[in-house]
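Per-chain numbering from 1; labels A, B, C, D, E and F assigned in written order.
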Amino acid sequence: MMQHLVVLPILAPMLMAVMMLLPPLQNTIYRQRIASFFTMLVMLGIAILLIITSSEQTQVYALGGWQPPFGIVLVADRLASMMVLLTTVLGCGALLYASAGDDNLGMYFHPLFLFQLMGINGAFLTGDIFNLFVFFEILLIASYALLIHGGGKQKTLASVHYVSLNLVGSSFFLFALGILYGTLGTLNIADMADAASRLEAQEAVLAKTGVLLLLLVFGLKAALLPLHFWLTKTYSSASAPVAALFAIMTKVGIYSIFRIHGVVFGEEAGLLANTALPWIWPMAILTLIIGTIGLIGSSSLKVLTANLVLISVGTLLLAMVIPGGIGLGAALYYMLHTTLVSGALFLLADMIGKQRGKAADRFVPARPIQQPGLLGTLFFLAALAVIGMPPMSGFVGKVMILQAANGTSGMIWIWSIILISSLAAIIALSRAGTNLFWNLCGDKSDELASSQLQIIAVVLLLACSPLLVIFGAQVTEFTDTAARQMLHDYPTIKAMMNAGITQ
Amino acid sequence: MSLFWIPLLPMIGTLVPLLSERWGRSICALCTAIAPAIALTMVLAYMPSVLAGQPIQQSIEWIPLIGLELSFHLDGLGLLFSLLILGIGLLIILYARYYLSDQDSMGRFYAYLILFMAAMLGIVLSNNLIQLWAYWELTSISSFLLIGFWSHSSNARKGARMALTVTGAGGLALLAGLLMIGNIVGSYDLHTVLNSGDLIRENPLYPVILVLVLLGAFTKSAQFPFHFWLPHAMAAPTPVSAYLHSATMVKAGIFLLARFYPILAGTEQWFLMVSLTGLATLLLGAYIALFKHDLKGLLAYSTISHLGLITLLLGMDSRLAAVAAIFHVVNHAIFKASLFMAAGIIDHESGSRDMRKLNGLWKYMPYTATLAMVAAASMAGVPLFNGFLSKEMFFTETLDQSALGSLSWMIPVLATIGAMFAVAYSIRFIHDVFFNGEPINLPRTPHEPPRYMKVPVEILVGLCLLVGIFPQFMMGDLLTSASSAVLGGAVPTYSLSIWHGFNLPFVMSLIAMGGGLLIYHNRRSLFRFQAQFPETDAKLVFDDTIKLVIEKAAHFNGWLENGSLQRYMFWMMFMVLALITVPIMNLNTTEGIRPETPLNNVMSAGAALLCICALATVIWHRKRVIALLMLSVVGLIVSISFAIFSAPDLALTQLLVEVATIILLLLALFLLPQRTPKESSPSRIMRDLSISAVIGGVVGTISYAIMTKPLVSISDFFLDNSKTGGGGTNVVNVILVDFRGFDTMGEITVLGIAALGIYKLLAQMHIAMPTSDIDGRSWARDKHPMMLEVISQGLLPLALLVSAFIFLRGHNLPGGGFIAGLITSLALIQQYVAHGVNWMKVRLKVDYQWLIGSGLFIALATGAGSWLFDRPFLTSWFDYFTLPIIGKFELASALLFDLGVYLTVIGATLLILANLGKITTGERPKQTEYE
Amino acid sequence: MNFFLELLIVAILALGAIMLLIGSIGLVRLPDFYTRLHAPTKSTTLGIGSIGLASMLYFSINHEGLSVHEPIITLFLVITAPISAYMLSKAALHHKIKTVSRTQNQHLAETARNQQPPTSSSEFSD
Amino acid sequence: MLETALLLCGATIALALLLNLWRLLRGPSLHDRILALDTMYINAIAFILIMGMRVDSPLYFEGALLIAMLGFISTVAAAKYLLRGDIIE
Amino acid sequence: MEALYALCVGVLTTCGIFLTLRGRTFPVVMGMTMLSYAVNLFLFASGRLTINGPAILGFSVNYADPLPQALVLTAIVIGFAMTAFVVILAMRARADLGDDHVDGRAPDSSETPKNQS
Amino acid sequence: MSTLYKSRFFPHPMVSLLLLVVWLMLNNSISAGNIVLGSFLAIVIPILTAPLQTPQPKLKKPLLAVYYVLQLAWDIIVSNFQVANMVIRPPKLLQPGFIAVPIDLDTVTAITILASTVSLTPGTVSSDISDDNKWLYIHVLNLENEEELIATIKQRYEKLLKEIFEC
């Protein structure tokens, strides 16, 4: 089984999701919950094994035994493995939370959830651009279906916008693929890098449009300005576990930008080298600015968290465009941090909102909640992480990014924007905290306290943050190596392919 | 390793009060005190060694990549501050035990307090810049919690946020500064950094670093113009004010200045920025303090003033001044903490802090009054009390200044004026509260506080006296050691004694006292004078600013994200346009070298048909059914185009999908308005038309440019290996089920998920059904025309036969599981159309969800089957067999995979369409009878 | 290929194409919906039938082995064309689509619309 | 001769298709348009068969067969839509 | 031929995008369908146009590029799934929000042009 | 309605036969393999679709049915030319009209075949059938003699159908 490890993060959730459509798992929520947990545990094991094996050597898996670049390959390097693990951990949290009852608000929660994981993992692992499209569609369609989970006007409206924009986005993905295939003649990502360096001037012009269209597509997923409009409403109206899981969705876009625009069409792509870089710069900065403004102007915790996601997107891409790729390691660490913490915050916002009754998570006076100490502490820790204050992981991430930018040409921009957005986060989160927990009126609300599972879910996700600091040496070392591997390993992968390691 | 325990113990101790709260207040306080007490003992144990000039240092690696070490360092400066933090901290714990009321959660309070203590210790002991910053931020956070402790009060919440915002902002600036320093030095080790003073001062970034670090220090130490948060932090319980806002946290900024004195001081920039800020703060604080009617307000501004004084001292270009600064840090901490505690007692026992109400308390609490008087005298700088000593040193140093050039004389003058006000407010504090007539409308009758509440004050006041009278004995070694740490080596000679003779500084002291008395005497006219200025409350300004920022931000959000998909879509198109037109400008020629395919009339007619119908769809898009018909022609032509350009599989698929789509859209149209209202303005239409036309133009251009260029691609491999490697002659099909079978598996997964999602959408849908058609005509009565039923029944077996035909030949000829699946689905849908949902429901007992599941499962299992043969997922297998009669035939795993596709397609399509029909049928209102 | 066979195919093709064209012409020229309904439904049978026959002959002659699958298309059309017409005309009747004024027995359109037996009183009234 | 005939037949069918288009655009009733579409399907079948003969490929047959099946389905669906609004009930 | 083909792709793209920019769900859905036609043709053309060369071994001499065909097939199926979802979503939106405007409510009357024909 | 064939394996033998023939035609082959496969499908498909089939009248006189089909084919060809002529003529010369034909058949299958026949023969289109299945409304492209047309339909087609299905 070990030699098939790379494909398992895709197949395991798919298999269980499919089983859930069939007897005996069909339509019984209890069995589905147990099955989901079981799957998550298995996936956790797979992800950890994957991390271990890929740390030694990048794993390449040729599906159907077809030699790349002809067949589809999966490539698990450190980065991909890390993303798979991240997804799984986040998924565990979201699933635990959902199993407290949210999964029963509509049909098919568990299969859709697992399909979503399948799509996300596939997007991380695939080494084929068209296959990436397919996995994008899987994760998108699952996200559409999950978004409406629980029902309600807000969700429907958010879905209309989210789905429409993404459908059009997918069309442009195909345009881009058409252009790239039409000029490069291949679909394998590593092979594309190779073909790109051989292009003639006029073909390169055409290929550039394809590369930039891909930026549009990934930017839409990542919620880069001005393609971010779907984000706030989608994230703030999705049911909590779904929103939490969605925290990884923007990262898929960012990951793809890292991979495709940072590496494949990066330094060594001949005439296509760094095509997207001049675009990512301003878009990332604008995203950060708009996210920051949105953060300050947020009127509820969910909207605030959604804006935090936006800020993290801007931050990540800003880190990516630091010349020489020296910000990538920092970005990867920050990615771990921000994904888990925003996932936790979405869950927390839901718990707080539910306990506050009618006021929900809006920043208005409300009756005291049932578990002020517990939720307050959790919120406090999450806020620390978000603001980037010790002892939570945000601080390490931020310091890493600032250090990476130190002394580079864009330093002033990056530093001032990141620091100002940190200040905005302080203002916004202190406002949020004081309003949610301290600004009270009336007697204790009669809403139910959050269930054990929900609390465990949040604690699980939040606990990752200090762990990322405590084991900071190992984690930063890993992300740094992952970044370097990503930057320099494509030639290696190419070589491995040619050597025919596939069978 | 024990140095780690000093900051670590309180950190762990944070949990102690939370756990011990249940055992009662005294025990809680006692338990809370354990950790700091041990830490204090340890500091004392290290003291001899440090005083002997042997600082202690311990570190372990943490995150080497960012230069973060867990590294502590106990030198003179750290020792002095640690003693202050732990010593006063213990007193505060005792004091708070009596101060807090029963309603207050003591455990929480102590937890915050100890957390703060730990953070503070961390700052003063840190030997790593990043670690120092981390603790620095932790003090901001814990002080936020402490200020907001009485969270029900709006003042507390706002005060806490303000403090956090200001100090947090400073903290970020500090971080930037520290990172720059680290970058220049190449290390974040404080020791290394402190030895690189010249390197830093010579760096072109030095001014930037200086400003950033000073921002951190000034915000924390409430220096003008960042002083405004401190008075509002007084919303905190008084023990907090005594501890944080007089003795410790506000001194963190001072500590920072002292700590970086060796590397940042000594330049003109330093002198100007630090001393002027200090001077301004000194004067402003002293002046405003006098006018505060609130006891704590007075003390807060006095604190600001004293912090200004210390800052001024550090800013002076003199090593002795630095010593004086350190000395004053200690003195101020002692007397101000006791004053705050006294103020707390008064508040606690009388229920008010308003000096206009508090009068003549001497009668009620003479003991407390005595203590307060000693502390106030120290604050005023009266000889024999510790405040006098450092103030005299300060005066001495002001006289030595020449950095302001011809204006240097102003420094001593202004210092004296500041001191006059200090005397004045000190007198006010005593006279206004303890004398000055009778109390007015106090909520409670004042009396002496409980015994042990006075103990901390007594101890501190005792220290005031001891230090004031025996300075050298009390402070000598400690001060030398601390100063040596600040100055980085040799400490200038100075003398700590009560009497330095009748010299100019002493004269200044006398002037200050006389002037202070005079000012206090004339306070009423001064109050009147002050009253004529509108009170600019910094808090209001700050609050308004924040509120405005939030409002503007919210407004901006609302404006940007106005909830209009059309806008969002437009922006996306705009990005598309930008992204594809910029590079395409460089395309010199679209003409390639590939020979063009010849054009004929038939194709031109087809193209015309396509374009006209596409345009007609747009033109008539508001008449939806018509547009739909136009659209279906477009689909038809597209499929025929595929057929013409040698893609029979595509043509078949497109045809089927097209019909399925049209049926779906027709179903949807029944439940949607039949016409679109006209609501786009002409300008909007023009805008949309232009952008879509330009994108269309560019896309067409790109398409043309690509088609006319030769292509070197990986496709030959597929043509070469399709038969030999994949066992099929239909290369497209072999690609789908074999070479790129993984894509296909994903594709049917998408289809399956879509069906599930749609089922989910339908499950909770309650829709109003139109009772008449678009023109108001009622529906026909005949639901299922007999003729249609009969013919449909007859067609079904034929259609299934065709579907089987298409399925089986797919591997070698156009066809395959997907196409066959769609044929089957459409044939069944046709039955639904002819017979209706209810008729079908009874007869067709197939669970479509189950069908999807099995289809996907078969595909998955086929793929995983290759594992049995130790091959990668989806490795195909095929072989040829010969049977009698039948002859040679082929068996291939791809066919099984295709079966999965087939079943999934049927399941998904029917789950969607049949369920949609079910919904409408179930909810259709009774029709008005046929006329 | 045998000239006469070729000629035969050409003739059949021509017949089919002309029939189809005439059907489409009728669709354009005829005065009302009901009359237009006749044009294509007729010409399809013979039109497609002929072209299918031509194709059958063509492939049977030009390629080894018989080609007999074309009639299946015709079979399908013969089965389905009447239903398409029936459904459309039913809809037209229901929606009272205008007939050309000289249409005889217009009252029958009304009774047909109601799917009632024709009323004897109004029979043969022009 | 056959080649020319096929070319002419193709052109004839194309002409027929354009005539259908005219009716499709012109209407006036929806019924007319649906009828025009139905006729288009028929003509498309012929077109594809002729196409197959012209390029001498038997691979076009299935396309024609499917159009024959599908044209019917969509015409009936559209007519049902006119009659009942709901096509599956 | 290529030019004509590209023209058709351009026209379809234009029409599709214009429709997706409309304010009601149904035209938007039609726009997406139209856009997907354009996309499919475009993607198909990335393998260049070939007449009489279906990629069925033994049936022609000069085979068309089979890979884009396979890609387009996948794209068609996925497009169908997506269209189906968005269509039903549009209905759901109408049911939930009471209006078929993409934003759930008709725009303010101030934005409506005054002189409607 | 006459006797129904009850076999589980051959619910509709005629259908099975038709399927086999169509299968062989589709494959352009009468190879043994195709006959086996075709027979298999011809058996399986009717079984699969059996739940969706309402009882069908039995074909009593298959030979007559063949005659009917041939006659219909001839009629289609002939009238196609007539209609072609009408279409090309100036449309003003047309005399369109509706007629109502009383139906004497009592199985829906037969009625459907009759209506289809009417539609297939150019010049007439079955427009509607009355609720009680007793009247067939026909639109006639050029209605010259109403009674004669009704009589022709009844004689030429309905009578045959009645015999074929014996109803």
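The working rule: a residue touches a chain if its C-beta (ideal position, glycine included) is under 8 Å from a C-beta of that chain, and two chains touch if they have at least 3 such contacts.
These numbers come from a predicted model, not from an experiment.
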Message = Starting from the defined contact criterion, work out which chains touch chain C and chain D both, please.
response = B
Note = Chain with Cα centroid nearest the overall Cα mean is chain A
Task = Would you identify the chain whose Cα-based centre sits farthest away from the centre of chain C?
result = B
Message = Need the CA-centroid distance for the pair chain C / chain E, whole Å please.
response = 33
Key: Centre-to-centre distance between chain F and chain C (centres being mean Cα positions), rounded to whole Å   = 15
Averaged-CA centre spacing for the pair chain D and chain A, given as whole angstrom = 48
Request  = Would you mind pulling out the distance in Å between where the CA atoms of chain A average out and where those of chain F do?
outcome  = 62
Message = Quick check: what residues of chain C touch more than one other chain, meaning two or more?
response = 18, 23, 25, 37, 39, 67, 69, 72, 76, 79-83, 86-87, 90-92, 94-95, 115
Message = Counting only residues that touch at least two other chains, what does the list for chain E look like?
response = 16, 20, 25, 28, 38, 40, 42, 45-47, 51-52, 54, 56, 60, 67, 71, 74, 78, 81-83, 85, 89-90, 92, 96, 102-103
Remark   = Residue ranges of chain F touching at least 2 other chains are 22, 26-27, 115-116, 126, 129, 131
Ask   = What chain-chain pairs meet the touch criterion?
value = A-B, A-E, B-C, B-D, B-E, B-F, C-D, C-F, D-E
Message = For the complex, give me every residue of chain E touching chain A.
response = 16, 20, 25, 28, 32, 35-36, 38-40, 42-43, 45-47, 67-68, 71, 74-75, 78, 81-83, 85-86, 89-90, 92-93, 96-97, 102-104
Query = Where on chain E does chain B make contact in their complex?
reply = 1-30, 33-34, 37-38, 40-42, 44-58, 60, 63-67, 69-74, 76-85, 87-92, 94-96, 100, 102-103, 106-107, 111-113, 116-117
Ask   = What does chain B use to touch chain A in their complex?
value = 61-68, 130, 134-135, 137-138, 140-141, 144, 148, 151-152, 154, 156-157, 160-161, 164-165, 168-169, 172-173, 175-176, 179-180, 182-183, 546, 549-558, 560-561, 563, 565, 567-569, 571-572, 574-576, 579-580, 582-584, 586-589, 698-699, 702-703, 705-707, 709, 711-715, 717-718, 721, 725, 738-743, 746-747, 749-750, 752-754, 756-757, 759-761, 763-764, 849-850, 852-854, 856-857, 860, 863-864, 866-867, 871-876
Remark   = The residues of chain C that touch chain B in their complex are 76, 79-80, 82-83, 86-87, 90-91, 94-95, 114-115
Message = Using the touch definition from the top, list the residues of chain B that touch chain E in their complex.
response = 563-566, 569-570, 573, 594, 596-599, 603-604, 607, 610-611, 614-615, 617-618, 621-622, 624, 627-628, 631, 634-635, 638, 641-642, 644-650, 653-654, 657, 660-661, 664-665, 667-669, 671-673, 676-682, 688-689, 691-693, 695-697, 699-701, 703-704, 706-708, 711, 713-715, 718-719, 722-723, 729-732, 735-736, 739-740, 743-744, 746-748, 750-751, 753-755, 757-758, 761-762, 765-768, 812-814, 818, 908, 912, 916
